[in-house]
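Order of writing sets the chain letters: A, B, C, D and E. Residues in each chain are counted from 1.
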Amino acid sequence: MNFWLLSPELSLCAVALLVVMLDLFVKEKNVLAFVSIAGLIVSAIFAIGLWAPGQHTSFAGMLLVDQFSIFFKCLILGIAALVILASMEYVKKFSRFQGEYYALVLMSAGGLMLMASTGELVSIYISLELASISLYALVSFLRDPKSSEAGLKYLILGAISSAVLLMGMAFVFGLTGTTHLEEIASVIASGQVLRAPALLLGLILLIAGFGFKIAAVPFQMWVPDVYEGAPTPITAYLSVASKAAGFAVILRVFYIAFGSDMLSGNWAMIFAVLGAISMTLGNVVAISQSNIKRMLGYSSIAHAGYIMVGLAAVGFLGRSGILFFLATYALANIGAFVSIITISNKINSDEIGDYTGMARRAPVLSLVLAFCLISLIGIPPAAGFIAKFYIFNAAIQSGLLWLVIIGVLNSVISAYYYLRVVKVMYIGAPASDEPIPSSVPLRITLALTSLG
Amino acid sequence: MPGVVLLAIFLLPLFSFLFISLVLRPFFNNSPKLSGYTIIGCLAAALGLSIWVMMSAEQFPIEIATEWAVVGDFTINLGFVADRLTAMMLIVVTGISLLVQIYSQGYMHGDSGYHRYFANMSLFTMSMLGLVLASNLMLVYVFWEGVGLGSYLLIGFWFHKPSAAAAAKKAFIVTRFGDFGFLVGILILYFTSNPHTFNIAELNHMAITGVIGGTALTVGALGLFSGAVGKSAQFPLHTWLPDAMEGPTPVSSLIHAATMVAAGVYLVARTLPIFASSETAAMTVAIIGGFTAIFAASMGLVMNDIKRVLAYSTVSQLGYMMLGLGSVGVAVAYGHLTYDEGIAFGIAVGIFHLFTHAFFKCLLFLGAGSVNHSTGTFDMRFMGGLRKYMPWTFGLFLLGSLSLAGIWPLAGFWSKDMIVLSAWEHAPQILFWFALITVFMTAFYMFRVIFMTFFGEYRGGEPGHGHGDEHDHGTPHESPLVMVFPMFMLGIMALVSGWSIWWGGGAKFLGEGEYYHLHAAHWHGHGFFDVFTHAGQDPMPLIALLVALGGIFLAYAIYQAKWISAEALGRAFKPVHTLLSRKYYMDELYEDIIVRGLLQNGLFRLVELMDKYVVEGVVNGVGKLTTFSGSIIRRAQTGQLQLYGMVMALGVVVIMAVFLAWK
Amino acid sequence: MITEIAFWVIAVLLIGSALAVVLLKDIFKAALFLILCFFTVAALYITLNADFLAAVQVLVYIGAIGILLMFAIMLTRELSRGSPFNKLSLPALVVAGLVLVMIVVIVVSTDWGSLQVASQGVQMAIDEPTTGYIAEALFDKNNGFVLPFEIASVLLLAALIGAIVLVRGKEKE
Amino acid sequence: MGIESIHPLSLILFIPTLGAVIIALFIRDAKAVKLTAAAFTLVAFILSLIIFIQFDRSGGLQFVEQANWIGSIGAQYYLGVDGLSLPMVILTTFLGFVSVFISWKVSERTREFFIWILLLETGILGVFMSLDLLLFFLFWEVELIPMYMLISIWGTPPPLGRKEYSATKFVIYTLFGSAFMMAGILSLYFSTPAPHTFDMVAIATGGLGWLQPVMPLAGIFFLIFAAFAIKLPVFPLHTWLPDAHTDAPTAVSVILAGVLLKMGAYGMIRLVAGFGGGGLVPGVAEHYSQILIVFAVISVLYGAAATMRQTDLKKMIAYSSVSHMGFVLLGIFALTQLSLAGAAMQMFSHGLITGLLFAMVGLVYEKTHERRIPFLGGLARQMPVITVVFSIAGLAALGLPTTIGFAAEFTVFAGSYGSTAFPGIQVMVVLAILGIVVGAGYILWMLERVFYRDPLEKYDGVGDANTMEKAYIFAFVALIMLFGVYPRLLLDVVSPMFSIWG
Amino acid sequence: MHLGIEHYLILSAVMFCIGLYGALAKRNAIVILMCIEIMLNAVNIAMIAFSRYVVPDMVLLTGHVFAVFVMAVAAAEAAVGLAIIINIYRSRQSVDVEQVDMLKW
């Protein structure tokens, strides 16, 4: 067993513990954040250190270290770092438990990273739960009614969905006698199982379970409520990291275990249809939202839909398209959330209407937010454009013209509500002239996200 | 004569235009006289050059050309050509324009838009010269629009008067209807010619040799004619011309009597071989011309505005010219005449009248302007007795009227009778009778004008009358020399221009063929009495003369001798009188019913509504639908977490079911 | 034969107790039936030659989760309000029924007999005690579940931290 | 060929962006901002003029720059100009330069305004220069955000306008079109033989035999066409245009009418005629020219009819654009060398003329604060220079000879009339020509109501154009007349492109 | 009648659905958690049954291991879940999920 391959996650957990410990001794709580970030950086260094072509496995083939997983690790680490940076102001809301907050973020990041780099169902389940349980706690971390409600909803629905997921895993395991993805693939390839209806059931249950993570219709209902109620940095975290890891798992499971041509047509079609519905529903409902976090919740449903287009386009292009899309989506969404965090902190409101004239009170923040939203629409020069292009490119290659057309039309719809925010910020008169300062960590975050 | 002379004739007024608008207007705004001198100088030079061109007749045709646009094998050559027709038109245009500019020095004295006036005049003259010089249809079209622009600007010269602004607009739009056909005609002719060309001479040649023919030629020719109808104010596009009298009087005399309105006639004459190759086209020209002649004259009978009488008279006379051209065209089409003789004859007939008409009609307008200058009104009911106050004007106006009425030996007699004759010989009978009746009417309304204006007692003008050019007027007085002099010159031309026929100048110059002896020479080129001596052989001139005298007599009877009461007559024929003075309700038909009713409040409004409610409605509807469905769907998000769970579970079942069904 | 009888008995008990959990109005009784349900499951494991699992089931579910639930019930003083159904109970029944039908149909229509495979996982003969094998399966160098085990430890830690943070009173400013 | 070595196209393309960046980072003072913007746009304009002069009139792509961009999918940074795009580039840089002066009086959030204007210029230039489909598409969309901002912030506020609505509508409409275009471009991409390419030149020269269509070519054609049809705009996809035009600030209206609409026409010509050979999607236009020309004629007449009913000056000119762009569509799908050249001419011509018209409306509005025709009148006395120039622009718009309007329209008509695209096209052309008659109607009506008749007292002393304004409006007039009197200046550049079309 | 995997699977399915029904239909959050535990137990039954039957005449221990992990996770989930519920209870004096609908639309 090569523990070296696990070094990023191990170091992360160690830092998590360290942060909890430090919390007891350190007065200046910002130190905790910096330690956490340092831990993330270290972890990232480890991860990058593992970068090599080919695939390395450890723990009896359960841990897969390849460029795919390292990509996700770095992505998730980056997101976590940005979230922590963005939280530094925000955590002042709860003077106690800051250490736990950071630790939970770190541990969930560890879980998400593991999701992206395991090749075995049990590990996938456990790491998924690691991430989820940390997130349940984080979502209800504010302990005000809204936050608790969000936590409860997230937890109960999450638990139900993981039961469903488990049922699916059980069926897959029962049909193939193994939980290793590669082996599942080879059993399936050998024939017999392929025609078993139970395999189909297993597949659909898996889709349902993972669909919950990525917020695909019809497993998306929790999203707006939880996004609205959760502490904003955690919403940001949920909307990108959790989703990214979800897609990483789906890519792994479906490409490796169920990648055979006989099967991929089936699940690709399911993903295509669900994707189409997700983006349409997400975008259409987002139009009528007045709370910006909620709106971004619906938008994240829609984005899950776009990414599922990439899933439906089985193949290399689809895969790389998803990766690229996730990266840009992560940056844009985090950037948007960071701006929202700062602005909302100041004006104590998440209502879009209260953002009027923000461009004058907080020019930089508004610019970043606008830019991120534009990236989410997918208009050049923002990176979101190239990302969408990639995904749709892949879909066209797979002959999914109808899906692409639905997708691009959805971008049109999405422009409507994203631009509404931009409009409010840039056109209206400010409610007060008091400028909204952006702290240094925020500035760093913004600078980073703007690269997207 | 080098070809560059043609260019120079064209460029002189252009220079004048540019110099006035770019140098004088911005920098010498306080010395208005300068612009008058500029244009007079330029036009005098142009007239000189034009005479040189005319002298060089034996070198004709003289051509210069350049490539204007080349796209693949599509080439538009821009070129000028000088032939006899052109040469004659050049003289008319430069000569009359020069005289009118001199007149304008007096007439426009003190007007605040002095520079603008002469700049526009230069622009117009330039375009008109370009029009007559152009060797191909494209270029004709270019200047065709150019003179239209000049006309537009000058009719609307007093743009602050709503009536003038409206008249300018009307003139442009109505003629543009004709131009639409013109443009289509050009395209048809271009694409039926082989090889494709815009060159008029080549097109004519192709028409004669039958390269172009059939329906295409007919439609093409009718297209050209529609341009001519618009520009020459023929029925049914004549309505703009009377309104165009809102412009300053010199403008009316130059543009709307002598030159621009004649452009349509000129165009038909230029392309006569094309018309002559199609029976339908030629007949259409003849019929429209003949009908317009009588139609317009009838309205002239009842107008009280002196300029409007003249305007209808102009329309009527232009109809004459068309009739002349058309009837000869018919003759050729039926084979009564060969192309060569027919075309030469036709051009001679039509253009000769154009030539003479230009002078005397211009004279009449200037006379009217002069009257206005002193009385401040154009309404004849407020004039009277001016003979005493304005002897020169009276004399010259009488001269012009006699000429127009076609009284021997004035110019109108010669040229008009050629048309009547050719209508008699070649056109359907009815057109001849139209022509003849028109002669009567013409004489009548002109002398109605004479009697109402110059005889009887002065009725005091009318201060504050809407039409008045802005001048002081107390008691009527003779106009200054600068105005009388051009009238005098024109009077001379009105007297003598017809005589050119004696020495074989005018008409022969145009006709240039041996055919001449067959049809006209036996009675032209002789003395006064010859007309009577040859009457038995060819009674037409005599008949026409008698008819004209009849018209004069009737006018005398009613308006001077008052043997017949005008009022009683008006009452007796009230419906007719109303119909005529309302101009057959054509304006109402066009403006109220067609433009406002059918188009603006009908079709266009329909389009607007459709745009607003259907097209836009669909667009907004889609948007609204999206938003609305969003607000509906969000209601599903009730906040009940168990509902969410149920949707998830149900989702699994539905996916499974749909999937199985799909498989 | 004994296994069969045991199965049927257990099945009836299991379904009965599970239904009792759902249907009973008294929350405390429901909790007790839940514990009965856990016990029955443990018994079922034994019929499936999973003795170790049965033990763990008793320990974890009854010892930990059951007690936890009881505490929670006490803490929230919800006894009086009992365990009512919500407005969605009927549609929920339909949905659950549909899910059941779906799974049953699929299970029945699958020809399980023909699907048996050879697996590389740790295996044992049917009547052996499982404990040792489970240890092997968990910690085998080549085939074990070490990674999940390690993750699970972090998971428990995270749950611990989370639960502590959440349960502790709101700080008084 | 020294100019080649400095990558002139890239320079032209990014100089405005550079200007925007410099303004954003370093310049605070409003006056300095304007001067900077003017300087940068001027440099771009001069460079493009140099290119125009150096351009080899015999045709072909020139000043090509090619570099790898996104290697994995074969996208390149690939720029070049030919006879079609060069005039558009000139027009864009010219309008960009002029728009700085048109906007000289913008006082609200000046910096941002000029930054957006400059970015907009880059976006539009990019569309005309790109030879790579992906790059093309990228620039196609880049222009959206500046436009959105410009209209929604500096547009006409209520009650006269609905700037936010219009801005959103513009963006949504355009995105709607680009949605289809993206699908079309991707389909086209996968129709090229592997390794697939976005190279427009390669696709256009590859032709029918070379492509391996993943779907019927007509499908690809119309997917891409949809975006262009919206931009052009073609009835019934035009309703964004009146709103956007009406509510945009003057300079933006000028650019919108001047070059933004041309992006649609430009794209169509590329689609049909490519780079002097077959189009990007070859062999389709011929089959559908009939229906498309019917739409062209409807656009012409419908636009003209709708124009007749407008009472807002800007809206009126906006609707007239629908009508005039119909001629472009007619020229394109008549599919002859002449008609295509005419369409290209008409693009240029409409850009200048309508640009000027909007600039003039802007001036009138700026001076009188009114642009509803019933409330205007008799302005000729108060603002003679504006009247003259407005009239010239109007007359050019109605196709008066010696203006470029005539040269362009005549070329279109002549080219289309001689087309053999389908029997009876002549009837369509004749109907389209009817459009210029109606055109005379609304232009003259508008001139009469706004400038003629009795002067109104309330506008006494509003003042005429000042020297700077005169300078740029006369520049417009000069160009309109120059190309009108001597269209070869333009035609010689444009027409070799279409030499294979008979 | 020979006991086959189907029996266990159907039993598991029945339990799963009872749990699901309870989780969807009860108002008390704690009961919902209890029902979720039933669902997890159902899954575990399926796991063990598969372990027993997937390889003929052998017990495949992977399922057992899986079940162990599921139990661990279930415990953790229950802990966090109850913590959240207690939080809810503190702020609302109720654990009725039907009233937990501040966040909606």
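We adopt the following convention: a contact is a pair of C-beta atoms (placed from the backbone, for glycine too) under 8 Å apart; a residue touches a chain by one contact, two chains touch by 3 or more.
Being a predicted model, the structure only gives us computed values, none of them experimental.
In contact with chain B and with chain D at once: which chains are those? Just list them.
Intersection of chain B and chain D contact lists gives A.
Between A-C and C-E, flag the pair that has more C-beta pairs in contact.
C-E
State which chain is most central when centres are taken as means of Cα atoms.
Centre-most chain by C-alpha means: D.
Based on mean C-alpha positions, I'd like to know which chain lies farthest from chain C.
Farthest from chain C by mean C-alpha position: B.
Find the geometric centre of each of chain A and chain E from their Cα atoms only, then give the gap between the two centres in Å, rounded to an integer.
So the centroids are 26 Å from each other.
Take the average of all CA coordinates in chain B, do the same for chain C, and state the distance between these two points in whole angstrom.
102
From the mean C-alpha coordinate of chain A to that of chain D, what's the distance rounded to whole Å?
That gives a centre separation of 42 Å.
Hey, how far is the Cα centre of chain B from the one of chain E, in Å?
Chain centres of chain B and chain E, defined by C-alpha means, are spaced 97 Å apart.
So which stretches of chain D touch two or more other chains?
Each of 172 in chain D touches at least two other chains.
Mark out which residues of chain C touch at least two other chains, giving numbers and ranges.
86, 88, 92, 95-96, 99, 102-103, 107, 117-119, 121, 145, 148, 152, 155, 158-159, 162-164, 166, 170
Would you give the residues of chain E that are in contact with at least 2 other chains, written as numbers and ranges?
5, 16, 19-20, 23-25, 32-33, 49, 53-55, 60, 62, 65, 69, 73, 76-77, 80, 83-85, 87, 97-98, 100-104
Which chains are in touch, pair by pair?
Here the touching pairs of chains are A-B, A-C, A-D, A-E, B-C, B-D, B-E, C-E.
Taking the touch rule as given, give the residues of chain E at its contact with chain B in the complex, in rising order.
Listed in rising order, the residues are 20, 23-25, 32, 97-98, 100-105.
In the complex, go through chain E and note every residue touching chain C.
1-11, 13-22, 24-28, 30-31, 33-35, 37-38, 41, 44-45, 48-49, 51-62, 64-65, 67-69, 71-80, 82-87, 89-90, 94-98
Would you mind writing out the residues of chain D in touch with chain B in their complex?
Residues in contact with chain B: 169, 172, 235-236, 238-239, 302, 305-306, 308-309, 337-338, 341, 378, 380-381, 395, 398, 400-402, 406-407, 410-411, 413-415, 417-418, 426, 429-430, 433-434, 436-437, 440-441, 444-445, 447-448, 451-455, 486-488, 491-492, 495, 498-499, 502.
Looking at the complex, which residues from chain A come into contact with chain D?
320, 374, 377, 379-381, 385-386, 389-390, 392-393, 396-397, 399, 401, 404-405, 408-409, 411-412, 415-416, 419-420, 422-423, 426-427
Okay, in this complex, where on chain C does chain E touch?
Against chain E, chain C makes touches at 3-4, 7, 11, 14-15, 18-19, 21-22, 27, 30-31, 34, 37-38, 41, 44-45, 48-50, 52-53, 56-57, 60-61, 64-65, 68-69, 71-73, 75-76, 78, 81-89, 92-93, 95-97, 99-100, 103-104, 107-108, 112, 116-119, 121-126, 128, 130, 133-134, 136-138, 145, 148, 152, 155-156, 158-160, 162-164, 166-167, 170.
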